[in-house]
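One chain, chain A, links the two complexes that follow: it is found with chain B in the first and with chain C in the second.
Up next, the complex of A and B:
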């Protein structure tokens, strides 16, 4: 059988190569000779066949174990409680607890897509191409993993920890009993500032529908200040990082990064201080 | 036994019919193994030779390939389901119920379609994670990463449009959640920032375009059906073709 021939041929080649890691290094340096390659048929084609057979077997098992569900006929008259989006969007739906729909459902997903598209163009690091590494690209891997973790954690919460009225349910809570309505009242940041700092509620200017108070200007300052400080600190402290990226890449990266960090930040602000919005305008609230 | 199989194979390989289809003998020698990659429309997605490292399962984890496999399975099971499904709010639910009760293998095909869809979404994410962690988006593969992000989006929208078709409570309300978000779009949604200022109302905004109405009803079902069974699969297939083409042109990033 000639199958055997090529198998032993590749075995011989691998024993001379000094292992996978060495192979990668040589490849990265562009030093690959024909002795390092094998024919796609049978080597790769068989691998593909086997993985497809495996996947089919697992799918068939899943189908028997848990067939596709069908609930009652759609009816506009009875709203299920809770109404849940498909699981892959539940992270976004979970964000609705903390953000208005225009942010959670539209702007943040758009940022995610744009941010993903930008990745190859804002990461100038030539290292770590074609092999797994953490040490050669710490910021990139950490940032990406953080975003992924956030995405999956929110999904897990949405799927398993939300029940009636979108309240928090532990696995041991009775899913058919409503959780007692929370006693906490959510307040806007500007109201908190107003009362703690004793600021006047009288607007200092009125722009159409927009009555601008001192507290409101302060919240604008805090909101924009978050970005301003976030843009400035790495510029001052990690000038090498800035220089490597250049002006445009740096600003895009920082904007995406700070917007991503803003999501858990707002969640913490809500959970710690019961703040509903950090910024209120007649047109949108954040 | 093996001897017998081999004899049968050798005989079949020499028939005119076999040669007319495959244009060369069975790929059991290096010449034919190269030829099969050139002359077979499916296999020619591959190069003739790959680096041994590219076969390392621990590099790709087969994630991209399996995503593609789920897409193919979805196309096959989807065609089967289309024979039994009419996108009419009065009939759709009954159609789906029949799949589970009166149609041979209906439940199996429907379940396979659903599980493949879930798997495809999950595997697109995992594949993207692999590509990120191996830095495979770095030059010259930037654009193929962008194509990948487009595929990620079409995969999610494909899944979501399919969710409505059974026309059960799950479907209706999951899509209602989504359309509420569309209404909240800045500028182009009637409930979004600056939407009303720009003249958006429930009968002219983006949610109206999506649903073909103000509620999830017959027009929405038809729209989602056409998007799900025709438009989005075509777009996805097109971008998958570009994706594969670029993998070949840019070269595989791994130890290849």
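Up next, the complex of A and C:
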């Protein structure tokens, strides 16, 4: 009975692995083994070797056709303008425009890596394992695609839309002309609150280097409020989602999700409201 | 670049960012839907 079960399981698995498994079986030398299997060597390894040779050849021709944009030897006297990272790091470099370096260069990449590692542990939903589905995992696929798309668009901006002085260049702008210095003056949110609400700049309490003002406490409230509202709304509206995940998994998922959504939100706040930092502390700025 | 010009200019960057993100996301989701359909068709053929 168990043999029969495992045979049907392996058959299901082989049908799920798609075209490559079928190709291996079609080209297999020797007979097909038990449970619809073939040997790894030579059947699989041979195909992998051929694929590798083809991939190398394609890359070689691509390199000949479009060589790597290497510049002259580095010199301490001349710094290239703009200095761009390799394309796969340009998303990170673009984040530096909108965020504190510690946040853009350390915290956000760490969140991305930890978040990706956590996915298998915080996702108890068995749907979509071993087969392709969108209809059964709409939130998961959409959420993941959003994060990935955000990363890609930052890379696209860094590669094609940034020029001299890291200014924004549309394709119709002359890439050799410096963009005029912007008239925008970026201001921290607490300064805006102080001036609009007429709050005192005098600290109400001093914690070491940290002089806490009323406006500062308000910005802490807004920052923590974003997470509090974000944690509460799905809890109230989608109780089944919460129950399925449980307390720890729900909080981890929502923290990662809200942090991801906070990135474009902060970029927008900076672009449209000219706010430099939402929250300012002596150690980090957000 | 005077102050009046700055706002629509920065707004256009923001709009580009949003539209670009959703376009790329749409591509990924369209690919996921296509994979799902193709997978179902493949299963039915067997």
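As a working rule, the second predicted complex is superposed on the first by the 229 of 286 C-alpha atoms of A that agree within 3 Å, B and C clash if a C-alpha of one lies under 4 Å from a C-alpha of the other, contacts with A are read in each partner's own complex, and residues count from 1 in each chain.
We adopt the following convention: a residue touches a chain if its C-beta (ideal position, glycine included) is under 8 Å from a C-beta of that chain, and two chains touch if they have at least 3 such contacts.
Remember, predicted model here, so these are calculated numbers, not experimental data.
Chemist: According to the stated criteria, A:232 is in contact with first (chain B), second (chain C), both, or neither; which is it?
Modeler: Touch partners of A:232: none, neither chain B nor chain C.
Chemist: In this superposed model, does chain C or chain B come into contact with more residues of chain A?
Modeler: Of the two chains, more chain A residues are contacted by B.
Chemist: Answer with first, second, both or neither: which of chain B and chain C does A:149 touch in the superposed model?
Modeler: Touch status of A:149: second partner only.
Chemist: Identify the partner contact of A:75: answer first if only chain B is touched, second if only chain C is, both if each is, neither if none is.
Modeler: Touch partner of A:75: chain B, not chain C.
Chemist: Examine A:200 and indicate which partner it touches, taking first as chain B and second as chain C; both and neither are also allowed.
Modeler: After superposition on chain A, A:200 lies in contact with neither partner.
Chemist: Which of the two partners, first being chain B and second being chain C, lies in contact with A:132: first, second, both, or neither?
Modeler: both
Chemist: Applying the document's definition of touch, where does A:141 land relative to chain B and chain C: first, second, both, or neither?
Modeler: A:141: touches chain B and chain C.
Chemist: For A:267, using the defined touch cut-off, is the partner it touches chain B, chain C, both, or neither? Pick first, second, both or neither.
Modeler: second
Chemist: Check chain A for residues that touch chain B in one structure and chain C in the other, and list them.
Modeler: 131-133, 141, 148.
Chemist: Within their complex, state which residues of chain A touch chain C.
Modeler: On the chain A side, the touching residues are 15-16, 18, 131-135, 141-142, 145-146, 148-150, 152-153, 156-157, 161, 168, 179-184, 264, 267-268, 271-272.
Chemist: Which bits of chain C are touching chain A when the two form their complex?
Modeler: Residues of chain C touching chain A: 1-3, 6, 9-11, 13-14, 16-18, 20-25, 27-29, 32-33, 35-36, 38-39, 42-43, 46.
Chemist: In the complex, go through chain A and note every residue touching chain B.
Modeler: Chain A reaches chain B through residues 1-3, 10, 13-14, 17, 20, 23-24, 27, 32, 34, 36-45, 47-48, 51-52, 55-56, 59-60, 62-63, 66-76, 78-80, 83-89, 92-93, 100-102, 104-107, 113, 116-117, 119-121, 123, 125-133, 137, 141, 144, 148, 283-284.
Chemist: How about chain B: which of its residues touch chain A in the complex?
Modeler: The contact residues of chain B facing chain A are 27-30, 33-34, 36-37, 43, 46-57, 62, 65-66, 69-70, 73, 89, 93, 96-97, 100, 107-108, 110-116, 118-119, 121, 128-129, 132-139, 141-142, 145-146, 149, 152-153, 156, 159-160, 163, 166-174, 176-178, 180-186, 189, 191-194, 197, 215, 253-256.
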